[in-house]
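Read from first to last, the chains carry the letters A, B and C; within each, the first residue is number 1.
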């Protein structure tokens, strides 16, 4: 197709908006990656920039840390396995059985994700430390010796990772199960196969490609996990690549080049994994996934319902109730123990917390930043989604690639590139909220564009074409047709971005400055430099404030989205 | 003197990437007429329509409206869809769910910044024409399929476009509604006098509504003409069989038997059939088409010397309004459609005959 | 105690201000080195060469500090209480990380810091050499020995001293098991149960340097065999100690011991006979500061009796003051009662930095 504008075609607003936003996205994504690679290949004097010499020495230096690589792989593998098992069981229970309260549970499955892995790690650290952990104290009180659980081991780390970062496995496997054509199972049963046999011979093989895809995706995510390994692994000198990078940067003098080399190798592995994932997803071996929406067959499991209900409740207890209760319990004690004496209770921690940076300015900053990220985000990502999936402008495929790129880079590594890149930037945004805003917009590109695209594609393009035939220009159509129809979806995306922004850790922790503290990294800083009771208090205050803010927003936006479409 | 054409399509080619969908299509539409693009799915009719609308970009050819090009590959012209001044009714109706019926219809007028009072009048009038004025304030998403179709129609003509494009507008309706809407649409089009290009795969629709039909296959035009012409004088085997059902008979040209302006064809089985060339060139090997409804069956030998043969009934299939009779004629099987007959037992010896005027020579 | 040669002028200035100070020998501003020849003004109960009105106009203090969160916030609280018009904000990171951060920023042309506090003299020397400190001689310098000030004066000063011995969990370690001297921390029974600080900690560097000097190079090799857990702040160390996550810490800071004991933690402190390792905590105004008058004001405040009292009594700080007229610590113990182990040759000490970092990081697996 000829891309040349004809003499009667004006340079349309479409092209300006489209290519403008594409350029912005490309700069946001590629600028830090370039600096990351430059630092990784820099073998000259670390203090001088730009680099004086290039080479592969930093990658050779990685060979000195085989343990770290091994740790990363093994803990990610274990976490993925656990997440898949939990995800599969929960997906099965909630989509294929008639357990009571299905819909409520499905919504609640996302709560651990919102609580953030950091909170989960802090809470489980208090629950499962071999000496001071509450569970172990209970164990000893019951007469046991030693400890029943040691959360500071690789398995402990994997467990917490699976609980708090593994809900994506549930979502993906659930989606696969929901989109299966029930007729396939019914055919098996009609022939006379038992339910169990049907499940093993028909359902399982059909679901396996989807599960495999989820496995690869989850594994890639786990490779980039940071918070849990930081809280649970670092004290025991157990490092994974992300925490090692963080430590190397914090050292004096900081070993930027080795850190960059580590980050690059992690990024390379994630990239390959996601590449394989995309191949599997688009390979077409997915015969069960059609465009049609099926009503999945819900099996009546009879008395088993109650057992399964208990399983669901148990999951929520372990991942939500127990952690929050633990933190609450710790926050009201001077020195947190499982069986405190009466004089151990105090509200001092709350008093102290209120005076700290973390509570006041960090909360405010986070909320403001989240607001800005969500608002600017949906405009930017909305335009990008339109550009990639709806416009006919050439080069759209390339832009999709660029936009999805941050998925392959662990947040911490990306932030490292950003820190390195923007430090030398002439405009002084380093250390300000602006830099965090840019970072958030960049790392959330895949999430935002994917969500909005999903909504956008549901709107039939003939609605827009018809408006064209009525004579409406692109801007008029956007204003009167596209945007009003997208509003409910845009609102959902806004909320998603808001929440993602508030819980962000990996990118923020390297880019915070004195005037731009944000919540989750300040809880981490607090953990480094404060008593654990105070940290627990801070974590609780911040979680509740954010939950309240989100609740308010949900209520407000619900009214907006019901007004638009019936 | 031929009336000045309203829309001219010349050597239009449209491709999707490497796949050609329209491979060189030409036709003209005169003012006030309805031209239908007819063909099986995948023939490129919808793509052609969308190219005229401006929703697809062709790779070659020219499209002119009243002589002025709106698309020209040679002159590098491509007027955007919203500036072409055409209007379109979509297969899925494309009713905007977030607006009322009134707002849906008023959209085109609002784009043209007409005054509120004028808009109100025009919308009410348009809705009245499609008998939907009572629904003006309803939410558009609460309407049934047929009602949405009418609203889509009112929306399309309310701003008095000079051309209306229809993309299989009735295919989502049930058969009875379709039949009724067909007539309504035709009446409306006549009343408004708007030039229309209509796309359908439904033969009955095309024959009932069109002034001219363009039969398309595989991205090319098979035949253009009035419904009558196309029905009576199909040019190719494809058209013959697509437009109504036809029997195709091949054979040798028996010029020595030609008489009275008729040509004679001898089948490999030895039967001789007389037919009309209708101006087409006759080679040594001929193919003629005999419509199934024109093949007569009688138990006794009918009067007339030409085109009468004995034959045997193989089976009959009752189809309600007509009966389909499968006949063995020499070593060839023919199909005849007759109004409901007394049942003919299989194996019965009968006579079949056909008026030579109804035996049409097909082009190469 | 340095007697001021210009005492004559000073006393008149004091009488003019009408403040009766019990101390004699407050250092008068060295007229020759001050860019503006003005005499110090008195604000609250201390002397300052800063323009207080201008400082309040500047309205903000940006403080980079090595202390833990509560400690840094505590320092800021103290200053803000005395100067409510000046808003405070801080960045805290352990000394090594803090220093590399400020260096990186300055190299990139970002000058956002007013005052810097470090827990290690080596980076302070380095920063002075690089011209990072603002040269400002505080009128309060007279109350400090030359040993506790920069050479030449006016770049940084010792705002306090952080002494550390050994501390252990009293429930897990009893009687004869309790350590008495530094060599006792090498006992193999502490394997996996002993904690120390990370390499970015200034105090840890001092301990490494001093104990190496005392007991030879093999000391820390033995220590490494115990696979110690390393942490950023003393709060973390004592947090774990009090809960039993660690049994003993090799670097138990006295201020933290006081704090946790007051909360009811079952921890005990051991002051080895060879002495407590101690690092100076150094404060200095930073060059090209965004709020230069505030920076100067803060230095004066920190050096003053008032500021020092705050540093000494705030439970999150409990610093031992080196001001010549400072009272004893809140526990009644005076700094002079401790035998302190400081490096004598700060040059040699600084040069060992790279060796320490390599060895310590290697011990911790990085």
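For the reader, a short list of remarks on this structure follows.
In this text, contacts are C-beta pairs under 8 Å (C-beta built on N, C-alpha and C of every residue); 3 or more make two chains touch, one makes a residue touch a chain.
Computed from a predicted model, the values in this text were never measured in an experiment.
Taking each chain's centre as the mean of its C-alpha atoms, the one that lies farthest from the centre of chain B is C.
In this view the innermost chain, defined by its CA centroid being closest to the centroid of all protein CA atoms, is A. Taking the mean of the C-alpha atoms as each chain's centre, chain A and chain B sit 55 Å apart. Centroid to centroid, with C-alpha atoms defining each point, chain B and chain C lie 93 Å apart. We define each chain's centre as the mean of its Cα atoms; on that basis chain A and chain C are separated by 40 Å. Residues 53-55, 57, 59, 76-83, 85-88, 90-92, 94, 96-98, 107-108, 111-112, 139, 141-142, 152, 155-156, 159, 165 of chain B are the ones that touch chain A when the two sit in their complex. Those residues of chain A that touch chain C in the shared complex are 47, 49, 65, 67, 129-132, 235-237, 239, 244, 247-248, 250-254, 334-337, 343-344, 352, 355-358, 361, 423-424, 428, 430-431, 513-515, 525-526, 528-532, 534.
Taken in their complex, chain C has these residues touching chain A: 62, 64, 67-71, 73, 77, 89-97, 99-100, 104-105, 107-108, 110, 112, 123, 199-200, 227, 229-233, 235-236, 239-240, 242-245, 260, 263-265, 357, 361, 364-366.
Across the complex, chain B is touched by residues 1-2, 4, 6-9, 12, 392, 460, 462-463, 465-473, 476, 480-481, 484-485, 564-566 of chain A.
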